[in-house]
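Below is one structure; the comments refer to it alone.
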Amino acid sequence: MKVVLKIGGSILLPSPSVNNEVFKRWKEAITKISNQVEKMAVVVGGGRIAREYIHAADFASSYEKDLLGISITRVNAYLLMLYLKYSNLDVAFDIPTNPEDVRKLLQDRKLVVLGGYLPGNSTAGVAALTAEAISADLLLVATNVPGIFEDDPRINPNARKLKKVHISKLIQMLSVEKSVAGTYFLLDLLALKVLERSKIPTIVFDGRNPENAVNVLVSYMTKDYESIFKYGSLITF
Amino acid sequence: MKVVLKIGGSILLPSPSVNNEVFKRWKEAITKISNQVEKMAVVVGGGRIAREYIHAADFASSYEKDLLGISITRVNAYLLMLYLKYSNLDVAFDIPTNPEDVRKLLQDRKLVVLGGYLPGNSTAGVAALTAEAISADLLLVATNVPGIFEDDPRINPNARKLKKVHISKLIQMLSVEKSVAGTYFLLDLLALKVLERSKIPTIVFDGRNPENAVNVLVSYMTKDYESIFKYGSLITF
Amino acid sequence: MKVVLKIGGSILLPSPSVNNEVFKRWKEAITKISNQVEKMAVVVGGGRIAREYIHAADFASSYEKDLLGISITRVNAYLLMLYLKYSNLDVAFDIPTNPEDVRKLLQDRKLVVLGGYLPGNSTAGVAALTAEAISADLLLVATNVPGIFEDDPRINPNARKLKKVHISKLIQMLSVEKSVAGTYFLLDLLALKVLERSKIPTIVFDGRNPENAVNVLVSYMTKDYESIFKYGSLITF
Amino acid sequence: MKVVLKIGGSILLPSPSVNNEVFKRWKEAITKISNQVEKMAVVVGGGRIAREYIHAADFASSYEKDLLGISITRVNAYLLMLYLKYSNLDVAFDIPTNPEDVRKLLQDRKLVVLGGYLPGNSTAGVAALTAEAISADLLLVATNVPGIFEDDPRINPNARKLKKVHISKLIQMLSVEKSVAGTYFLLDLLALKVLERSKIPTIVFDGRNPENAVNVLVSYMTKDYESIFKYGSLITF
Amino acid sequence: MKVVLKIGGSILLPSPSVNNEVFKRWKEAITKISNQVEKMAVVVGGGRIAREYIHAADFASSYEKDLLGISITRVNAYLLMLYLKYSNLDVAFDIPTNPEDVRKLLQDRKLVVLGGYLPGNSTAGVAALTAEAISADLLLVATNVPGIFEDDPRINPNARKLKKVHISKLIQMLSVEKSVAGTYFLLDLLALKVLERSKIPTIVFDGRNPENAVNVLVSYMTKDYESIFKYGSLITF
Amino acid sequence: MKVVLKIGGSILLPSPSVNNEVFKRWKEAITKISNQVEKMAVVVGGGRIAREYIHAADFASSYEKDLLGISITRVNAYLLMLYLKYSNLDVAFDIPTNPEDVRKLLQDRKLVVLGGYLPGNSTAGVAALTAEAISADLLLVATNVPGIFEDDPRINPNARKLKKVHISKLIQMLSVEKSVAGTYFLLDLLALKVLERSKIPTIVFDGRNPENAVNVLVSYMTKDYESIFKYGSLITF
C-alpha cells in the first residue's frame, strides 16, 4: 500500500515558533504509519514562518510570494525529514522539488518528505499530484477541523459534517466559494480535479492530534468506515 | 511591454502531420509582435502527435500520460524556436521546463519558447503562470474559434460570443462545466485563478489565422477595443 | 550476463502512427530477455515521427535536425519504458541522456531504456558506446532484414547473407559505402570502431519479429550458432 | 570597483520577526553602493529564524544543523533580492550556492545576493571566499558594534577599539579565543586565512545603521581613513 | 565570422611537464584571432598527462580510459581559459561538456574553451561537432606537421603534402588506415563525416608555432590560398 | 562502523609520475578496510600533478589555483575508484563534489571516493566535513611521517611524537604556525574546528605503507591503543 500524507503549515507550525513537540508527535505517527505501508510521501506546508516572509514581500508579485512560501515549506520538510531519519526510518535525505524526483527517490527509499512544487499550486495540489504520480492507494489530508463541513465549523458551529462526500459535490462547493490559500477549504480545485481524474481515495481528518492519522489509516485498511467518520470525512468517486 | 502568447496544439499542429506552412506563418506573426514588445514568451501545446503517444499509453496513469504529452510540447517548442532563430530573432536556445528558467532566460534574451511544466497543469495554466512569473502586461490566447462563447460554437452555431467577460463569470462558467483537456474551454480553472489573483489582461482570439495575433496586440496597444472584438474576446477584472 | 538491445526507429514505429501492437510485442520479448540476463539496456530510434520533425526543420543545420530527432527517440524510449514498468519489470523511470547515467542507473535497476546521446552519433553508435560503458557481454541489433548482407537485400534479392563476418571486413565495406542515416547499413563507422576496440560480441538479426531477439539470445547462450544464423548474422573479432 | 558586503543575520533580522523596515533601509544603502561600483555581491546570514530551526533540530548533527541554517540564509537572500529587484537594480534572480555560480552570474548581472555555501563554513567565510572568487577590491562587514575591539564591547565597555589592525594580529586574537557562531568575532579563522592569502582590503563597521555601509565605502574610495575609523575598523596586510 | 580552433594535446603539452611558455604563446595567438572574429571556440586535447592517467588504468575498459582522458582535457581547457581571462578576453568561465552548452555560452560570451564530450569521440570529432553546432565558418586544426600528407612525414620524409584535398579522398585514406588515437591522422572518421555533411571549411596547419594559426586565418579571410599552403592544407568539399 | 580515510596527494602520487604500484597497494588496503566497516569514504589529494597545473597558473588568483588543484583531486579520485571497482567493491561511480552527494551516494553504495569540495577548503577540511556529514565513527589521516610531532620530524629529527594529543592543544599549535597547503601539518584549522565540534575520533598515521591503515583501524576496533601509537597518533576530545 502506498500513502500520501499532507500536513498543512497551520497544523505543523501552529504556534508563533517552531514547536519541537508537534514535530515529535508527527514523527511518532509517521513511524507507525510507515510500518503499515509499502511507500509513503509526506507533503508539508509553510505555516506561520512562510506567512511572515510573504508579508515582508508585500510589494512583490503573487508568483514571487509563492516562491518565498515554497522555500519555507522545503525547510519545514527538511526538519521533519531529520526527525524521521533520527527515528531510523528509511527516508530520502533529498527534499524533492517535482513529482518525478519523488517517483525516483521512492524507487530506493521507503519515505520521502517534501514541500511545494510550483507557484500557483497549493500544498493540496502538490499532495494530489504526488498521489497520482506514485499511484497512491490513499491520500490522507490533515486539517484543523474534524473533517469536511458544509460550512466553516470554526465560524458556524452548526455547520453540518459530511461523513462521505462525492468528489463532484466538493468541486461544486469549491467553485462557488472564493477560495484563497489559508482559508477553510484545504483542497483547492486543482487538487480536486486531479483526485477526480485518477479516483484516489481521500480522507480529510482532524490533524490537531497526529495520532488520528494512524487511526484513519488503520480504519481504512480494515474497512471500518464508522471509525473514519469519527476523525474525519471520506471523499468518494 | 511584456507579452505571453499561447498557441494550443490544435492550432499549431492541426493536420495529421507537422505542417511547415503553419509554423512559418506563426514565425511571421511572432516576428512582427517581437518588434512591438520588450520581452515575449511563447507557450505551445502538443497537438495531434502528443495525442498519438498518449493514446498508445492508454494503460498508464494520467500523470504519465501528461508527461508524454509534455515531452511532445517541448519538441514542438524546439521546432518553433528553430524557425525564430533562423528568422534572426533573439530567442533562447533552451526550452525552459519551469517558470524560474523562463525568468532567467528573459533576463538576457528577448524571446523564449516553451511547452508544458508539470502533469496536472494544462498549457493554459502554463501560459497564465508564465505571464505572472514575468509580470506580463498581456496574455494572448490563440484558439480555434473567434473568441469566448457562452456555448461551444462548433456544436451550437447560435452560441453567443462574449466580447468582454469578467474573470468571475468565466470561473463560474467553467466550474459547472466538466472540463477536460482538448475540449472547448481553452482556459481551465488553474489558469483562471492565476489570472484572477494577478489581474493579467487577457485576449482570447481566433488563432487559425496567426496574423490575428498581431492585430489584437496592436489593437490592445492603441486601445482599439472594437478591433479586438472582431478577432476575439477580452477578459476583464 | 549484460545485454544491450538496439531497436531502430523503423522497427519500433514502422507504420504511419504509433502502433501499440509493436510496442506490446517488444515488451513481451524484453520481458523474456530480462529473465535471462543480469542487466539490460534498450536503445531505441526515432522512426517516422522523428523524420517528420526533421523534415519540418529542413532549413536548420544537421546538428539541429539531429537534436530534434534525438528528442523524439527519448519520447519513444519513455513510452517503451512505460510498457515495461506496467509489465512489472525493474526499469529505471529516467531516460538517460549520456552513458554515465546509464551506468549509474544500472547500479540500482535491472533495465534502462534510452534514445540518442549527441548529434553526429547514430543510434547504432549509442548502442555500441552503451555496450562498452556497461561492459556488455552481447549487443543485439534489430534490423528489418534477416542479418548482414553483402548488398542491400531489399534492392538486390540475390545479395549474399554473411552468417559470420569479421569486424574489419564490415569496416571496409562501410568505408567505401556512402552511409547516411536510414540507409541499409545499421551499424555506422563510429559504432564499428567502438565494437572493434572493445571486442563486443554482436548479433544483427531480423527484428520485424521481436520474438527473434529472444531466440538469438538463447541461441548465443547455448552456443547454438546455427540458430543464430537462421535469424541473423554474427560479427566476429 | 568590485565589492562584497556581508550582512550578518543578527543585523538583517534583529527583532523576533522579519522586519520590513530593516530590509528597506538595506535596500537603500545597497542601491547607493551599487551606483558607485562595477559589481557587487551581498552575503546574508540566517538570524533569528535560522536559530529557531536549528534549535528545533537539537538532536541532529552539527552538519545537519548548519544545513538548516544555510537554507534560511538563502530565503533571506531571496527576500533581499526581491527588494533590490523592485528597486530596479540589475540583480540576478538566482541565489547562488557556490562561488563559481557567483562568478558566472556576475558576468552578466551587476548584483548578486547569496546566503551560505557549505556546512562548517561561516557566513564570514562565505564572504571572504566570494571576495576572492570575484577578485573583489573591498570587503565590507556589517557588525553590531562600531568596529573591531580588543574585547567584546557589549560586555566590557572599556574595550579598546582597533582602528587599524593587521591581519596577523587578528588571526592571533582569534586563535586563543573559543570562537563559536554568533559570538563576538564576526570573522572566523577560515575567513581570515582567505583574506590573508589574497590580501583583500576589509572594513568592519557598525551595520546597525545601513547608511554606514555607504559612508565607509565612499570614505575608502576617497582615502578618507579618519571617516572609516568613525564607523568601523580597517584590516591591513 | 565564427571559428573553431582545435589544439591537440601533443601540441599544447608537448614536453613532460605543463609548459607555461606554450600556453602563453597560444594565448597570444588566440588573442589575435579573437580580434578578427565574432565568436570562437577552442577545443583542446589531453596530451602527456592524460596518457599517464590512461596508462595507470590499463586494466579498465576503453570507455573508462576515455573518461579519464576527457577529464584531463577539461583541466587543460580550464588552464587555457585562465590565460585568456587574464588577457582580458570575453571568455566563458565554464568549460562546457556538450555542444548545447557551447551554443548557449556563446550567446553571451565571445570565447569558449573546452575539452572532450563523450568516450568514443576524439578531440577532432568534438571540434567538428562543435563547428557544426555553432555554424562555424572555419575549423582550424593545429597539428605537429605542416599539413596533410599522403603518408606520415615523420616516418617517411618523402611523403607528399596535399595542399588541397577533397573530403571524400580523406575519408577514403582514413578508412584503409588503422586509425588509433595519437597516431598520424588528426581527423578521424566521425570528424570527417560531420565535416562532409555540413561542408565546414577546414585548414590543417603546423601548430608547433601557434602564430601560424593567425597566419592561416588571415590568409583564409583574404583568400590568399598560397599562404595557407605554406603552413598547412585545405580540405575542400 | 563508518570510516573516512584521507590520503594526501603526496602519499598517493609521491613520485614524478602516476604510480600504479601505490594505487594498487591502496586498493588492497581499502579492500581490507571495507570488509571491516559498514560505510567508507576515501578523500584524496592532488599531489604532484595538481602542483604542476597550479604552478602553470601562477598569474591567477588563489581561488582559481585552488579550483585547478581540486579538478586534479577529482581525476585522482576517479582513478582510485576504478581500481576499487575492478576489485569488485560496491563503490559509487560518481565522484561527489559536495558532502550532500556523499551522503546520498552512501545510502545505496558502500564506498565513495572523492577529491576537493571548494576553494579555501583543504583536503583535510574536506575529510573532516565528510566525516561529520556521514556521522563517521573514525577519521583516518594518512601522512608521510609516523604520527603527530611537536615539530616537523623531517627537519628536526629530535621532534617529540605525540601519541595522544587533545584537540585543543592541536588547535593551539596550529594557530601560532603559519600553515600553508603542503607543509607539515596535515590538519588545518577548519578541519580541527569541525573535529572539535563533532568530537570525531581521529588517527593520524604513517601512510607511506598503506597496510598501516588496516592496522590502525583494527587496533582501534580492538582498543589496542599501543598498536595505534606504533603507526601513528590519536587525537582526543
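All chains are identified by letter, namely A, B, C, D, E and F, in their written order; residue positions are counted from 1 within each chain.
Simple rule for what comes next: a residue touches a chain if its C-beta (ideal position, glycine included) is under 8 Å from a C-beta of that chain, and two chains touch if they have at least 3 such contacts.
Nothing here was measured: the structure is a model prediction, and the numbers come from that model.
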item: Each chain counted as touching chain B and chain C at once; value: A, E
item: Same-interface partner of B-C, chosen from the options A-D, D-F or B-D, over half of the pairs matching; value: A-D
item: Centre-of-Cα separation between chain B and chain A, whole angstrom; value: 32
item: Interchain centroid distance [CA atoms averaged], chain A/chain C, Å; value: 45
item: Where chain E touches two or more other chains at once, by residue number; value: 67, 100, 108
item: Contacting chain pairs - touch in the sense defined above; value: A-B, A-C, A-D, A-F, B-C, B-D, B-E, C-E, C-F, D-E, D-F, E-F
item: In the complex with chain B, residue positions of chain D that touch it; value: 92-94, 108-109
item: Residues of chain A defined as touching chain B within the complex; value: 61-63, 67, 98-100, 117-121, 125, 128-129, 132-133, 135, 171-172, 174-176, 189-190, 193-194, 197-198
item: Contact footprint of chain B on chain E as seen in their complex; value: 100, 103-104, 107-108
item: Footprint of chain E on chain F - complex, ascending; value: 17-20, 23, 49, 52-53, 55-60, 64, 67-68, 71-72, 74-75, 78-79, 82, 86
